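Shown below is the structure under consideration.
Chains here go by letter, A, B and C, matching the order in which they are written, and residues are numbered from 1 within each.
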C-alpha cells in the first residue's frame, strides 16, 4: 500500500533521514521505532506532506506522493496525529473533531455565508458522528467541553478521533502513548488493535516498547536517520544491532 | 557627477538615521521577538526633547545628554508597564500594544509641546563644505561620525561585556540563556533602554537637518522597520547595511526619478524583499518544528 | 470516502450520545436574538435622533461596524493581521469618485467595478503575502496601505491631490440617495446583512475551517483544509467589503481626501476589532460604536484623543486580550471544563 524508497531529507547541514526504504502492507499495523533523534517524526512529516523530500520517493497506492501538500493527501485517505499535539485550542472539543470531516462537507465561503450549509442533515450527522468517535476513543466525557480545558491524555485521543472522522485508509500515529500513564497506555494499545482489526492500515511511531511489541505486525527501526532493521517483533527483539542502538540510549525511557 | 555625490551624501546621512532606528528594532526583536512600533517615537522624542531644552536656554551638549537620558527612561518605563505584563500574549496582541504605546507617546507630545515643528541648532555651524562639486553640511559629518562610533561601541558592548553577551545569548536561545544564569527579564529591559537610547541619538543627530514635530516618529519608525527587514531582522550588520542602503536608494530615487514618490520607495522595497527573500540580506531563516 | 451517513465501522451509536452531540450545536436563540435586537434598535433609532448631526454620527458608526465585522473575519477568526485595510477602503472610494466624476459612469456600475478591481488586487496580494507570518504580514499590509495613500495623494490630476475631490450623489434606477436620513437606512440595512452573513459563515463548515486554521494551521491542513485558499478568500472578501463601504461613504459624504486610506485609519479599524473582541461579531459592532463615539466625546480635549486611543489599546490588550465583548461573555457564562 505504501512504499518508501531511498528517502532522504536534509535541513541545511543536518541530514535527518538518509536513504530509508521500507513498505507497509495494507491492513497491517506497522511501527517505526528508534532512539530519540533517529528521524522518526521527520519520516512521518515527509510521508504526510509536511516536509518535501530532498530525494527519494514515496508511493501510496500506486501514486507518487513525495512533496504533495498535506491537504491534498487528506483526499487520498491519509490521516495523522501529531507528536506535540496540534489541536485548535480556540475551538471546542467536538468542533476540533468535526474539522476531521471537512472534505465531506460543503466548505464554500459564500455558501456558508448564505446559510446553505446548515440545511439538510449533514451538519447534524457530522456532529453525531464526532460524538460517537469521541466516545470510541475514550474521551466521551468531554463531548461538551472546550479543548483548552481538557487534560493532555484526553487531547491525544481527541486527535485520534479527528483523524478517524475522514474514514482514512491509512492512519499515522505519532507517539500516541507519549506522556500517558500505564492504564492510559493500555487503553491506547487496545484502541490501536481495534483500529487494525477494522481494516485501517496503521503506522505508528512509539517509544513504549511493550505497546509496540504487542500491537505491531511489523517493525522498522531507525537510527541516525538510516534504517537499521526491519522485521516482525520477534525478529527485532533479538536483533543485535537494535539492542546495541538502544543500549546506548537506555536512559531515554523505554 | 556632482549631483550623484550630493545625493550620495544626503542618502548616507539619512541612511545613518535609518540604521540607528533599524538597530533599535533588531535589538528588541532579538531579545523578545517583538516588533516595537514605538521605535519611531523614541527617535522623535530624542529630537524634540533636545530641541525644547535647547530653545529654553540649556547648552547644547547638556540638552543632548538630558534628551538621551529622558528617552532611555521612557523606553525602560514602556517595557515595564506595557511589554512585561503582556509577555505571554501572541504576536498580534503585542504588535498592537506597541502601536498603542506609540500613540500615547505621540499624543503626549502633541498635548505638551504642540503641533509646531522644532529645530535643533546644528552642532558645529551651518556652513556647507564643498567636496567635488557637491556640498556637505557639517551636521552630516556629525551624523556619520557619531553613528560609526555608536556602531563600534555596540560591537564592543556585545562582544566584550557580560550584559552584551547575555543579550545575544537570550536572542539565540532564551531557555539556554536562563539556564546559564542570564536574567532574561533584565535583558529585555536593557534591550528596550538601549533601543530607546539609539533612537534618541538618531533623532538628535538628524533634528538640525530635518526638523522634528510630534508626528515625525511614525514615518521614521516605519522606515527603520523597513531597513531592519531589508537587512535582516535580528542581524546587527543587516540593520546597518539595510539602513544605509535604504537611505541611498530613497534619495537616489528622489533625485533621479521622482521626488513625489520618495516616501513610497521604502514600502515598495519592503514588499519586494518580503516576497523575494523574507529574511533580508543578512537574516537567518527559521523553521517551525512540528 | 467521507459519506458520513453510511453505517460506521468504528464506535457505537446511541440516542443518548446523539442528544449530547446535538446539544453542543449553537443555540438558535443565542444566534438570532441579538440580530433581532439590532434590527429593532436600528428601526427605532431614527425616532429618537434629534437632528442631522446625530444621524451623521450614527452613519459613521454603522459604516465602521460593517468594516469591523468584515475585518474581524480576517483578524479574529483567521488570525491574519492587516494593517493596511483602509487602503482598500480608499481605493473603493476613489474608484467610485473618479469613475463617476471624470468619466460620467453611473454610480452603481462604478461601485461594482471598483469593488471588483479591489478584489482582484487583493487576490494578487494575498497569494503573495499571506504565506508570511506575524510581523512580516503586518509589515507587508502596512506597506501596501501607505503606498495607496501616497499614490492617491500624488496623482492630483486624477484624485485632486491632498485636498481631495468632490463626489456626486449616488443615483440608481431613478432614485437619488441624498441626505443623512436616507443614507442611514442604507447603512443600517448593510449592517444587518453583514451581521447575518458573518454569523452564518462562522457556524458553517467554512467558518469552522477558518477557526481551526487560526488554532493550528498544520492540523487544519492534514484534515484537508486548503489553508492558503481560505486565507486568500477571507482576505479578498474583507477587502471587497471595505471597497464597497468606501464607495458608498464617498457618495454619502460628497467629498473624500486621501486620509481615508491612511495608516491612522487602518489602525483605527484594527483597534475596533481588537478592542471590541476578536472572533466576535458583536464585539466588532461594539468596538466600532465605542471608538467612533470617542472623538465626539473627547471633542473638548483636543490632542487627548490620541492618548486615550492608545491607552485603550494597551490596557485592553494587556487585561482583556480577547477583547471586551468576549471577556464579558466569558465572565457571564462561566463554563465548566
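FYI, a residue touches a chain if its C-beta (ideal position, glycine included) is under 8 Å from a C-beta of that chain, and two chains touch if they have at least 3 such contacts.
Small disclaimer: the values here were computed from a predicted structure and weren't measured.
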Relative to subunit C, chain with the most remote C-alpha centre: A
Contact pairs, highest-scoring chain pair: A-C
Separation of mean Cα positions, subunit C and subunit A [Å, integer]: 38
Separation of subunit A from subunit B, taking each centre as the mean of its C-alpha atoms, in whole Å: 47
Whole-Å gap separating subunit B and subunit C, where each centre is the average of the chain's CA atoms: 33
Subunit A, residues touching no fewer than two other chains: 50, 82, 86
Sites on subunit C at which at least two other chains make contact: 218
Contacts with two or more other chains, residues of subunit B listed in rising order: 290
Touching residues (chain side subunit A, partner subunit C) in the complex: 48-50, 69-71, 73-75, 77, 79-80, 82, 86-92, 94-96, 98-109, 111-115, 117-118, 121-133, 135-136, 140, 143-146, 149-150, 159, 162-167, 194-195, 198-199
Subunit B to subunit C touching residues, read off their complex: 35, 82, 85-86, 89, 91-97, 99-108, 110-111, 218, 222, 225-226, 229, 260-261, 263-264, 266-268, 270-271, 274-275, 278, 290
Partner subunit B, residues of subunit C touching it in the complex: 75, 79, 81, 128-129, 132, 134-136, 138-140, 142-144, 146-147, 150-151, 154, 218, 263, 267, 270-271, 274, 303-314, 317-318, 321
Partner subunit A, residues of subunit C touching it in the complex: 1-5, 8-13, 17-18, 20-25, 197-198, 200-201, 203-209, 211-216, 218-227, 230, 233-234, 237, 279, 335-337
